[in-house]
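You will see chain A twice below: alongside chain B first, and alongside chain C after that.
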Partner chain A sequence: MPFPVMHSLTYFLIPNLPPDAYQKVLETYGLDKPLFERVQLYVVNFFKGDFGYSYKYFPKTPIELIAERLPRTLMLFSVVNIVAFYTGFFIGKVLAWRRGSKSETWITITSVFSYTVFYPWFALMMLWFFGYKMGWFPIGKFLYPEKWYDAPFDSDVIFSMMIKFVVIISLLQFAAYTATRGIEALSSRRNVRFASLIAIFIGSYFYWNTGEALARKPYAADIAYHMILPVLVVTIVAFAGTALLTRTTMMEVLKEDYILTARAKGISQKRIRDRHAARTALLPVVTSFIFTIVTIIDGSVLTEQIFSWPGMGQLLLQAVLEEDIPVAMAAFSFVGVFALIAHLIADISYSYLDPRIRVKSQG
Partner chain B sequence: MKDILVVDNLNMHYETLEGNVMAVNNVSFTVKEGESFGLVGESGCGKSSVASTLLQLQSDNAVISSGSILLENQELVGMSESELRKVRWNDISIVFQGAMNAWNPVIKIGEQIREAIREHHPENTKKENTEKISELFKIVGLEDSIMDRFPHELSGGMKQRAVIALALSCDPKIVIADEPTTALDVVIQDQILKEIKKVQELLGLSLIYISHDIAVIAEMTDNMAVMYAGSIVEMGPTSSIFTNPRHAYTKLLLESTPSVVGEKKKLRALDGEPPSLINGLSGCAFSPRCPDPSEDCSNGKLDMKLIELETGHWADQCCVNCG
Partner chain C sequence: MEIDELKEKNLQKQLRKEAIRRNWKLFSQSKLGMIGLGIVLFFLVLALLQPFLFMTGLWNESIYHPVVGYDQIIEKKLVVECPKDYPTPKYETYLDCPGDGEVQKKMLYLAQGVEVGDMYDVYLQPAPPSTKHILGTDSLGRDVFSQIMEGSQVAFVLGLLSATLGVGISTILGTIAAFFGGRIDAYLMRQSDLVLMLPTLPLLFIISAFAELKIWHLAVVLGVLGGLGGSVITIKSQALQVKVKPFVDSARITGGSQRKIMFSHVLPNVAPLALLFMVFSVTGAIASESVLSFLGLLNIDMSWGLMIYLSQTDGFIFSGLEYWWLILPAGLSVTFLAGGFYLVGRGLDDVFNPRLRKR
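Now for the complex of A and B:
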């Protein structure tokens, strides 16, 4: 007797169900079949990506819901993670380099504070201060509904567009960096890299001021504005872990003989710090960073709740609280697949970062 | 011949929680153009400390209390970091003790050498640098393909050869080799020593060769200094020291080494430990281990000072007087 399922279904959807309709519902969900067949069906459907229909948003499938929510979460947290990683890595690197100085002590104490602070309390305090007291940033939501009232498109269109933009920019930057590695003279390499950065800036300026993107710009700007506070808060909490870890690993690396050799070679301090010390200290930092990526979606539950950001985290939480079982199952499965993909990326990036784990394809 | 490096009355100590470790005391020596100079002594006597001070690369807790290091008439003590950067590798380079760890594990060998050349000769093209490295590799007996390898893909001996190529990459006037063959097996050790000797003669380099093994010093150097407890106790032409050692420590060191030169002698073990260098020593540091100290030696009344016995052969005056 599939009672619990039917209970939640009837409870949320249709309180007084006539018997023939009840029968119909059973058939729709395949609940009249024997248990074994149902399991088989479930497994087959799982691999087809078919999770049935949401109880709550009935005609929509869980996959449709995820497709709608995911870009919002990814947009917010990829920005947070990139910003947190770079600031964390940079600060950790500088801390290790200036070991023993006064600024090191103070920044370390601050980092430890933000690493250990009770996050919901901190987020609410920031929300209260910057959103309410100062009124600089919107409280909650990811857009002003009144602005979007007569928008000719959905918000996910804008979200996917913004994500695409961010991805393309990063890829271009990466490509420029890789392409200039062969330039021998350091100063001209630096200049070319700087020029490529400028070119990317100019390119994005033109992109946002022509054609389709121009019409979408105010909406994208609205979303970006709503993102500032959550990004700021989560970054403050998230950067500290990276910073402290970078500091520790880099202090170990600085004791290595090859750092002394680099100094003996007459290499500049900055280059020793960045090219020799930080580069080698990167591996454990990237490892831990990938693990934070894995927790983006489950980690987003809290953040999205506090900032009323209707992304995956909220979807997950609502599905569980309201017993929207197909959606909950789909969302959890997705978290699992996402974790697998992140680990795959981690493995690939290791081999890029550390030649010692690189496997030779030829003999 | 021209003096390349003149070290005069160098004093250096490490500040530690237990007190000052007097690692380099009144050290003076001169290295001439094309000369190979040896520095020998037991573990912990301050050889590496001298080497790192020559490049001004001593650790943060090291203090140079007095003395001067003249490299081609440039004073290195007290030189600013940016000026030192120009001198390092370009004029004086070093093969560190444990040079196997001298390679950054995530950067290709060729790139690590190129990096040094690039720093001192920014005008070079990539092709010129590659040719330069290839030329150096030929001298030390490595194939060009090593350039594109990562350090972990090389054997210990190959890494060591590559380190020598690295040390030569900016055509320095003087190279310091601090026990460059430790951690290698005997056969490879021998090859590397021959390689260094060959390179030194080929390029007319000045070389400071540091080792605890007096036999290697005999093979490698023209002039040498014997260090004990942070001080030079005897210094002079290698042949002269081997045939006519004057300091009790040098004598014991020679006797404790299986026949280097001359007839076979009965080996004598060097008993005891070198003294702790904390807070300095007065009198002869070797007296507790000396086989026949005179009375003056043990009551610490002696004044330690090198005196010239024959042309260029110096030894501690007290030891010469009493022994």
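Now for the complex of A and C:
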């Protein structure tokens, strides 16, 4: 460690520790070397992915701790984002369409409230209401330990399985969507898409009821049950930003001439809204979504802390509170890399949405 | 020459006044903006009221001080003994005993010679709202209303300081990037891309792990982070638009230096956008402060986040609405002040962004 974080070692340093043992502790962590050398070592080890040892969980390295918690975070993060983004986009679309009506004022006020609400407080109140008063959802953690006593595998197996499942489902859905893009007639395209949705649904039903997955189903259901409340709360808070932005861009798009043309052609209102206006309005929303990924990561750290979801964010926060500096630095670097990768994915998907910025192959 | 200059100054003053009046008229047309302004002014009054009350002696500092104040609120309660079996004629379940105005004898094991049926003085903390304490007291006997006032002082100082700092930095950097272009521009843009992608909250956690953050430090950190971030890009694009306007060309032709053009021709035209950013970044700063003190990472005497932290660690959050004065005021204050600044920003957006005006 390059930094003089001696006070974090108070876990090991008893006041009347013999001097030679003290020296030994210093040597174990390499703190007896000069500062410059420590910085050099730290930077070199940083790029090797070696963050040293955790002070609290001593024999474990930060990388091991992160590897244990990453699937849980990925699962919650991806589901929360997809749900929140679609809800926000849909509500913003409807809001802009019904401009000036009374319901619009109310929904705008609600969105502003949920946009500016103090998130930890709100989450605690929701936790109190749904978890404690109503008793519908579990209050904390990501599983009931009593159900897992005789489980032949640990929770990460289930988590990686669920992540795979969600990814494959969304890829299939995306593939079906792109494949049917070429069909001109609206009604037949809609029917094909509906059929593909049903096929995916039936397929996933069979998947969960056969072979290995059948034995794991109750455990997966347990995790899914624990995920409902966090997803709900984050959606309530996060949809507003997307909704307000969609509304603003939609309102500008609706003033364009081609919307008027579409109206004059006699296209149905719903089709103008969904195909002509919302499609164009999606671009700035996705741009802003790329920039708010950082905010979402911030929010997921808080979500994990409040719902005691033992993921990366909670690891980071606990490490900071207990001054477990190696783990904190490792988790922070990891979150930073995570943000970069999320940016990259969003950037690539952006080119699918906007044909104008696609890179054309020459020749 | 002298007279002309005076005349010109007067004219400028008049124009400025007119512009302010016109903008105010536009701003007051947006209902949401006025609501936001009202909320912000309300909290400003709260923040300024507390020192006034202390100075005039209306509030005794030993009772009402938000951090070290203490008020002994005594309630006379009837000593009872709870029965072993329920229901009895007086209590239906074990939850009803002791009832209102009653205290269990078991709890008074330290008091000597107290019999069932006596009246006993009980210190009531947290005390419910009364005329003396408008929002009651917390579990340490401190006045909640005074804490709210202190919290709004903290929020205003932090929000305005960090927003001013951030907007100052980003305006200057954005104008420089637009003006000089080339390598400086490229460097500044990449830097702001990087800061934009940095997860703010984890970064603040890490900083608070290495150093004890006070409110000033947090304001500087938030200001610098906000100032290097995405607002540089937006302000640069605005400055680029201003740079090609005819009056900048004519200023250059008449021999104005680079610095003169930058500071007296371009900056004033970028200022409205900067003001908008400032108002929006106040919201973020207030939220960050509350989150950090909610998690107990900030070295601070009293703030709204800390109040929620205390009510959570004392276990009042899950008591439902029985102790509402410990839970609701602080959380709603954060929400409303942040929302107020946000709405003011929306109102200003209507003023400076003519495309969004009502048809």
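Note that the second predicted complex is superposed on the first by the 314 of 363 C-alpha atoms of A that agree within 3 Å, B and C clash if a C-alpha of one lies under 4 Å from a C-alpha of the other, contacts with A are read in each partner's own complex, and residues count from 1 in each chain.
The definition used in the following text is that a residue touches a chain if its C-beta (ideal position, glycine included) is under 8 Å from a C-beta of that chain, and two chains touch if they have at least 3 such contacts.
Keep in mind the model is a prediction, meaning the values are calculated, not measured.
K.L.:
Count the residues of chain A touched by chain B and by chain C, then name the partner with the higher count.
P.N.:
Result: the larger residue contact count on chain A belongs to C.
K.L.:
Would you check which partner chain A:Phe194 touches, where first means chain B only, second means chain C only, and both and neither mean what they say?
P.N.:
neither
K.L.:
Taking the superposition as given, does A:Phe206 touch the first partner, chain B, the second, chain C, both, or neither?
P.N.:
In the superposition, A:Phe206 touches no partner, neither chain B nor chain C.
K.L.:
Is A:Gly336 in contact with chain B, with chain C, with both, or with neither (first, second, both, neither)?
P.N.:
Only chain C is touched by A:Gly336; chain B is not.
K.L.:
I'd like to know which partner A:Trp136 touches here: chain B for first, chain C for second, both or neither.
P.N.:
So A:Trp136 meets neither chain B nor chain C here.
K.L.:
Regarding the shared-chain residue A:Thr116, is it in contact with chain B (first), chain C (second), both, or neither?
P.N.:
second
K.L.:
What is the contact status of A:Trp128 with respect to chain B (first) and chain C (second): first, second, both, or neither?
P.N.:
It touches chain C, and chain B stays clear.
K.L.:
Of all the chain A residues, which ones make contact with chain B and with chain C?
P.N.:
none
K.L.:
Would you tell me which residues of chain A are touching chain B in their complex?
P.N.:
Those residues of chain A that touch chain B are 182, 184-187, 256-258, 260-269, 275-276, 279-280, 353-356.
K.L.:
Give every residue of chain C touching chain A within the complex, in rising order.
P.N.:
Going by the criterion above, the answer is residues 32, 196-203, 205-206, 208-210, 230, 283, 287, 290-291, 294-297, 304-305, 308, 312, 317-318, 320, 327, 330-331, 334-335, 338-339, 342-343, 355-356.
K.L.:
Please output the residues of chain A touching chain C within their complex, sorted ascending.
P.N.:
Residue positions touching the partner: 3, 5, 108, 112-113, 115-122, 124-125, 128, 132-133, 248, 251-252, 291, 294-295, 297-298, 301-302, 305, 313, 316-317, 319-321, 323, 325, 328-329, 331-332, 335-336, 339-340, 343.
K.L.:
Show me the residue ranges of chain B that touch chain A in the complex, using the header's touch definition.
P.N.:
Contacts found on chain B: 55, 57, 81, 84-90, 93-94, 96, 98-99, 101-107, 114-116, 118-120, 122-126, 129, 150, 152, 166.
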